[in-house]
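Chain lettering (A, B, C, D and E) follows the sequence in which the chains are written, and residue indices restart at 1 in each chain.
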Amino acid sequence: MTGVDVAMLIVVVFGGASALLVVSARNVVHAALYLVVALLAVAVTFLLAGAEFLAWTQVLVYVGAVIVLILFGLMLTRAPIGPVAKETDVGRFLPVAVSVALFAMLMTGIWISFDGVRLAVDAPTTTAALGDVLYIEWAFPFMALGFFLTVSLIGAIIIARREEGEGPAPQLDTEVAPGRPVPAPTDASASPGVTAPAQEVVR
Amino acid sequence: MVSDYAWLIPALPALAAAIIAAFGKRMARKGAEVGIAAVALALLLALAIAVEVFSANVATVAELEAAHESEEHAAGQGVQVAMAGDRAAALAAADGEAIEIPEGLEAFVHERGVTLAQFQGDEGFEAGIRIDGLVAMMFLLVTFVSLMVQIYSTGYMHGDARYTYFFALLSVFTASMLLLVIANNLMLTLVGWELVGVCSYLLIGFWWEEKVNSDAAIKAFLTTKLGDVGLIVGVVTLWGMFRTFNITEIITMVGEGVQAGEAALNQGMLTFALLALFLGAVGKSAQFPLHTWLPDAMAGPTPVSALIHAATMVTAGVFLIARLYPLFQASPTAMTVIAVIGAITLFGAGLLALVQDDVKRVLAYSTISQLGYMVAALAFSYTAGIFHLFTHGFFKALLFLGSGSLIHGVHSNNMSDMGGLRKPMPVTFWTFLIGSLALAAIPPLAGFWSKDEILAGALSAGGATGTLVLVLGALGGLVTAFYMTRAMFLIFAGEYRGHGHPHESPASMRWPLVALAVPAALIGFVNLPFDFAHASGFSAWTMFSLEYFESHAAQFVVPLALAASAAAVIGIGLGWRLYRTSPSLDEDPMLRMGAFTRTLQNKYYLDELYHHGVVRPIRDGIAQGAYWLNDNVIDRIVYLAGAGATSVGRFTYDYADQRGIDAGVNGLAGGANAFGRDVLRKMQSGNIQRYAGAMFVGVIVLAIAFAVA
Amino acid sequence: MLAVYPLTFAALLFSVGAYGVLARRNAVLVLMSIELMLASVTVNLVVFGHLAAERGDAALTGQVFALFVIAIGAAEVGVGLAIILLLFRNRASINIDDADLMKY
Amino acid sequence: MWEDWAITVTVLLPLVGAAAIALIPKAHEETAKPVALVVSAAGLALSVAIMATYYLGGLGPGLAFDQNVPWITAIGANYHVAIDGISMPLFVLSYLLTFLCSIYVFDHIEEPGKPKAFLALMLLLQTGMAGTFIAFDLILFFVFWELVLVPMYFMIGVWGGPRREYAAVKFFLYTLFGSVFMLVAFLAVYFTAPERTFDIVRLSEFGAAGAFSRAFQLIAFGGVALGFAIKVPMWPFHTWLPDAHTEAPTVGSVLLAGILLKMGTYGFVRIAIPILPDGALAYAPIIAVLAVIAILYGALCCLAQTDLKRLIAFSSVGHMGFVMLGIAAMTPAGINAAIFGMVAHGVITGMLFFVAGSVKERYHTRAIADIGGGMLQTMPRMGAIFTFVAIASLGLPGLAGFWGEVLALLAAFSPAEQLSAYLPLYRTLMVLAAVGTVLTAGYFLWMLQRVNMGAAPDRWKDAALADVSRVELGAWIPLLVLILALGVLPFLIFGMTNQPVTDLLGQLRLGF
Amino acid sequence: MTDVTAIDWFALAPELTLLTTALLALFVDLFLRGDSKRLVNPMAIIGCVVAIAWVAALAIDGAPRQAFGNMFVVDGYALLFKAFFLTTAVFVLLTSYRYFTQIRTYQGEYYFLLLAAFLGMLLMPSARDLVMIFIALELVSVPGFVMAGLRKFDLRSNEAALKFFVFGVLSVTILLFGLSIVYGFTGTTDLAGVADALRAMDRSALIDARREPLLLGAMLFVVVGFGFKVSAVPFHFWAPDTYEGSPVPVAAFLSVASKAAGFAGLLQIMFVAFEPYADVWAPVLGVVSVLTMTLGNIMALQQRNIVRLFAYSSIAHAGYMLLPFALVRPGAVEVNEQAFGAVLIYLLAYAVMNIGAFAVVTAVTEQHPGRQVGDYAGLGARAPGLAAALTVFLISLGGVPPAVGFWAKFFVFLAAADAGAYVLAGILVVNSVIAMFYYLAIARTMWMDQPVAAVPIRPGFALNVAVGALAIAALVIFVVPDLFAASAGASTL
């Protein structure tokens, strides 16, 4: 067992534990913070596997951006930041059973197939090498990815943006009792000749 | 040759029917004139053909005689002439030992045909005619009686709402009957046979406003149709055996088969076919036990009864047996059955006539009885059977027309409403008397000759069946004479018991009576030997083969004739004694004989048996059951198919409440529906996490499946 | 380093993430759980990329793949949060099991 | 050349007509009637011209008007159409009946009217019916076969009686169910044949040459037969029929009885027997038994009916039993009997449904008890026609119904030599079938008694019911004449069918 | 590795056209106000038509082309799907025109998202690499999440988007996990390379592939990912809810285009990459197929909401389309080609009839937002053209002549029978018959019931064109099935 192995085991333990905490924390903000730890553990794994660039990307993108986004999301939705009384109405049995079964299955497979296989991490991959591959061999997917990110951005904006002028008026959240659906309006196309103000009336 | 134009005989009335149907209502006499003219023309043709056949056959017989005589001279050997009806001799003749027929000498047969359609390679249906003595005889009878009946009907049916229709139907019937007669193949015979049946149905139900009439019509049709099953089966079986419908060919092949012996001829199959055919005859000719339709058929107009249910159609069965006589000869079993059935019928029906009040029913039972005579006669002697058919046709038509005249005069069918009619209806009385005496077989009227022929045949046949027919036939003669005497007295003697004033019928009805009375009285003489040697006229005229003619020479047995006449006279005397005073209904001795009367009045309970034992169970029992089965079992099986246990409950629900559709015609869908509603809907809960859970469970299950696979 | 270790880590993240998806009511937490699962994918890819390189296959495919996954995962989070936000505006709840207007 | 396009044009003409009718604006909906009349008249004229060319031009007795072009190349299915003596009578009959129906609808369309839609459906139906009889490719056959489902479904479902929706769905799904089995069997044949083809002529050659193993034929014939049997319908697959017939509008009933049922029996003759002769021989006794059950059973069910149209519907079960009995004999006589029976039943039962429809229209009821008898008084001509047709239907010689029945009996007495092991069975069945004719006569006569005869109830006496109208006469006279003509001149049909049928069975080396 | 720097612009022309159109839509929308925003729709249609023209040009050119190595391949298969997707796009756009004109929100953005999703679809059949397939899949899915939620004021639409999103992301994650493991075993993401590697593993002494549960599990995960996309049971739960909540044209898009994209990818992966393992996964897909069709039909029987009904019906159809996957055998080229062709034909036919049905639903929804089956009562009297067309579509969906759906089922059935999978064929048949119940029920209510309202329905030009063209197509292609059948044969892998 080399030092890398030991490091990896520590990562597994810490990462795994924080992952468990993510899904079991009563407080959502705590959960988000545990997620940071878990994702950092992933980044460390990348480092150990010699994927340096990827490790930093992971840190920047996830720990830097995604977590912040999530925290913003939590705040914007004014989620009960304190502990949650009831976790789920599915009950615990099914999630636990599924999770355990999945883990067992995967581990069995992994042990059968990769027992004893070693990763020889001689030197970390250089960013330059990665760049070469990325921009030559994978140029087309990369461009497609770029377009995809654009689409996602626009999509997210469309969905998240409050209405102004077009369509129904903005929602007044406070008027709606939590957990109760707002009475669904009739389909907008229901009244062909009727213009937008009329729909406000419906609201 | 006139016979070339024989096809015109059925064609003329058929044409007439078409013309009447199309233009009848606009004609001066509403179509009656067309029908009468056509049948009159047909009668003329029939006469010509009769003459042609008669002269040809007589010449042939003369030639045969000459040949025998020269043979006799050459060999110095006597010709063995068999006793009439001696079957042993007939068989010997078939063996060709006793009689030698010179080459080329045959009974008159004229046959022509065209292929109607082929249905299996070259095999097909044929439309053809066969003219021989039997056909010529039937032609004469049918056309003559039909002519008389049509003329009579112009008076009898005068003023009826459906006068034209009546004449059209009569013409159709005449055409069909003539088609049945003229056919050279069994399929065409079958066609004519069914057609006359339907005409009979339509004519019995002519006054369909009354349910009784349509009931009678249906009964008649269905009963005869039951017999027709036999006919069809018989025809089909014969076709299966010989691959032809042609009567001549079948007869030839059977003849060859008999010659070749047992192996060549499937005797069992032949007997089956013949019995089946005989079943047809039993239905059509109203033999026991299918005779019950005929008395009911009297619901039709009386001219119809005269034509169809006395003279012509009901004799079709007899005709059929005669037509295929060589076949029947080849099957002793069939002959025995025929004899027994005929004997039962002739006596049983005669008894039934004793207790009737309706004059037409008396005649109807008498007809059945006489048909029994004919059938029984055919078991022993071809000539006797058809001779009685011939004479009976005339005098029974006469009697029926006479009864029609009575009904027309007193507006009632019942003899209890008559009495004392001799004075007001003299023509009717005299002609009716002639008819009655002829029926009672009083010499020298027509009935005497033919009935004597029958008894002589039975006597010479001997054996159990011969004896049975002889005894019952003789007793039947007594009964016949008795019930006719009873009828005569009840109708014509004593005081008038009915309403209104009885009156004689118009001329159009009287003259046919007279015209029929003549042959009723005299026609019997046609069978007198024409050359005073061996041959007698009728049997030579109508012979189907020289061999048969030779071996069945007419025989006049004097003691038998005397005995038969004595029986008739006893019957008349008995009748005279009991009915001289023309008693009213409640004094009628025949109706005061307890169980005997009751049995007869209930017609041996056969109608009850058929109605409650056959018709109602089928129509109201089995049919309803079958339909119930259809709706509730077979149709429901579809529901059940595939539904399995889960849908059983649903099925009962649907069963109670016939809506069915939403549950699905197909139980498959019904069951699936229930399953979907109860189980699967729960899964589609709307909860994402349940969905995801189900998905993961699915993955795991599939993974396990993978691992196992 | 034994390949089994990082792979175990990946399996663990994946299973735990699956639990989170199934068990947590809060939609944001569900999203976070999915991110855990995505992270497990990247771990796998990097490890297998190394194994592939050792076998002589194209060296960096695994890492490139992982990079794509990270990028796309991030974008999905954005879209997902937008949807959650929208739902919250209309219902004032981000409990995922409240979203059951449509069923059967 | 005429021979090249005649059939295609004739079959597609009604389709074009249907499209044309569909395009008529709603305001001029009534013009759909003359248009349909012209189209169907043209179709009839073309079909008669085909028949005339075939027989007068010496094209027979084999296949003529043969046209074979590739259609679905992926599976080698061709657009193969042709006609021969077996198809001819049914082909022409389908055009005749459609033509008469288009006359009849001039003043008889059931609620809710809509002549445009009705006539378009009718013409669509015509294409399907006619196409079935001239298709010589299994897939093409199947397509035409299924084509009739949809228009008939709507005819029943929209214009039908009170339980129309139930009847329509039942009809649709039941027959669909059957045809699925048929298709399966077709494909099985396709895969098993020495050469992958759907061509009926080629497959028949294979069948005659014994290219299909007996075990295979047993299975395949079962599938094919199930599909056909449901359409026929053979007992016990008949339960869709009474409902469909009863609820369908008059024209629907006429076409259903007149043509649609024949598609099943035609399928037996054209496809099942030639391609799978051993299977047919193995199943023949079973078919014969079922056929005779149908005869007796149909008659018994008729006896129990209180509904006029339902009674006629059940009578179809019995009559088609005779047809199937003929087919089960596997001899030329039997097949000829079957084809004659099909035509005769088409003409007679079609006519019966016409009359029943007109009666229902006047009395506003189908219940025999409500009619109450006396139709001969209230409507003498209608009563007379009804009597005539009913008597024709019970198989009176001299009318169309007779030859098919009697020849079927004849055939059943002497089935093919290969069936001689079952000779006693067949002969027993023959006798039972003959007994069936008595029951048939029974229910028809009782029906006539209850509808036609007796005194009319007062409510109908006073109702001043209109007797047969001119339109009705126009639609009916051809059928009445045909009933008589076929009865007197059986050559009209046998002349067409005998040669091809004898050749067909001769090819299979069946002894008879 | 081929020279990836040389770019064949001709090969990329359809995609570039669509990309330009999408961006243009977004851009133009900024400058349009009010009613004139609807003009984006015809513009998008023109873009699609131009793209179709490019595809046609490529097809006429005929030469197989590549750009960026295996990332983008243009061959018969790709072109067929591109033409198919673009045509679908045209019809979805036609269907959307009136609906979104009246919704009045985010028209430009909607068209952008729609075209973006279609761009992803165009990439899908050209991709011969797992990564590229994955990206294309995401490009199809993510705009879908947004479009499903476009009726932002409608809670149902919000929920639809959420469910779709959660399910979509989750299943993509599972897919990715699977792909990562596949990559781990094969060392490549190239489809053909994967197949080669898998074949080579059989002979490999190091790892006995037949005993690799992890690899099998990975394949299963891949199936899950695509199973979500094509809404196969048990990954289908999102579909009815999402369809119900989405705008109707989006439901049409999801049920046809997005599903077809899933199949385009699944076909590549299963028939090409995983072919050597077909003997293992084919039975599993067979089970999935049977479950999918049966469950879809049974659930559809229950529905009173027409969109949900069609949702379940489309699940059932996915089951039919999955059936040929169960027929694949390693190395049995002929059988596989037939199965492949059967899927293609089914997809084409399915698109025609299902978009048509949704187009009619869109038209009716305008007056009956409740979207109940009962709303269709008497449609034959109110809108005979629509009703007739819907009848054609229903008959087609039911697989009965005279409509194209018959051939779709026929070829699947033929493939199954040819491969000897009689049980599957039988289940297919039974399911077809069950399906007729609910299709007929709609037809029945349209023609045989009394109208719920007297107002005629006038769906407008664009919808009329779409409905009419699709109905005629459904009938014409029934008569000339070679239009579909032959193309399927030509583009076999």
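Brief remarks on what is shown
Following the convention adopted for this analysis, contacts are C-beta pairs under 8 Å (C-beta built on N, C-alpha and C of every residue); 3 or more make two chains touch, one makes a residue touch a chain.
Source: prediction; values computed, not measured.
Chains making contact with subunit A as well as with subunit D: B, E. Shared contact partners of subunit A and subunit E, listed by label: B, C. Between C-E and A-C, more C-beta contact pairs join the chains of A-C.
Remark: the per-chain Cα centre closest to the mean position of all protein Cα atoms belongs to D. A separation of 100 Å divides the Cα centre of subunit A from that of subunit B. The distance from the centre of subunit B to the centre of subunit D, with each centre set as the mean of the Cα atoms, comes to 36 Å. Subunit D and subunit E have Cα centroids lying 43 Å from one another.
Centres computed as Cα averages put subunit B at a distance of 77 Å from subunit E.
Those residues of subunit B in touch with two or more other chains are numbered 666, 681, 684, 686-690, 692-693, 696-697, 703.
Those residues of subunit E in touch with two or more other chains are numbered 131, 135, 138, 142, 145-146, 149, 152-153, 155-156, 161-163, 166, 170, 174, 213, 217, 240-241, 302, 433, 437. Across the assembly, subunit D contributes residues 165, 169, 173, 177 that each touch 2 or more other chains.
Under the touch rule stated earlier, the contacting chain pairs are A-B, A-C, A-E, B-C, B-D, B-E, C-E, D-E. Listed in rising order, the residues of subunit B touching subunit D in the complex are 116-121, 123-125, 187, 190-192, 194-195, 198, 201, 205, 208-211, 214-215, 217-218, 221-222, 225-226, 228-229, 232-233, 236-237, 239-240, 618-619, 622-628, 630-631, 634-635, 637-638, 659-661, 665-666. Listed in rising order, the residues of subunit B touching subunit E in the complex are 642, 664, 666, 668-669, 672-673, 675-677, 680-681, 683-684, 686, 688, 690-692, 694-695, 697-699, 702-703, 705-707, 709.
By the touch rule above, subunit A contacts subunit C in their complex via residues 2, 4-5, 8-9, 11-12, 15-16, 19-20, 22-23, 28, 31-32, 35, 38-39, 41-42, 45-46, 48-51, 53-54, 57-58, 61-62, 65-66, 69-70, 72-74, 76-79, 84, 86-90, 92, 94-96, 98-100, 102-103, 106-107, 110-111, 114-121, 125, 129-130, 133-134, 137-138, 141, 145, 148-149, 152-153, 155-160, 162, 170-171, 173, 176-182, 184. By the touch criterion given at the top, residues 162-163, 166-167, 170-171, 174, 213, 216-217, 220-221, 223-224, 228, 233-235, 237-238, 240-241, 280-281, 283-284, 287-288, 295, 297-299, 301-302, 430, 433-434, 437 of subunit E touch subunit B in their complex.
Within the complex formed with subunit A, the residues of subunit C that make contact are 1-9, 11-20, 22-26, 28-29, 31-33, 35-36, 39, 42-43, 46-47, 49-51, 54, 58-61, 63-64, 66-68, 70-79, 81-86, 88-95, 97-98, 101.
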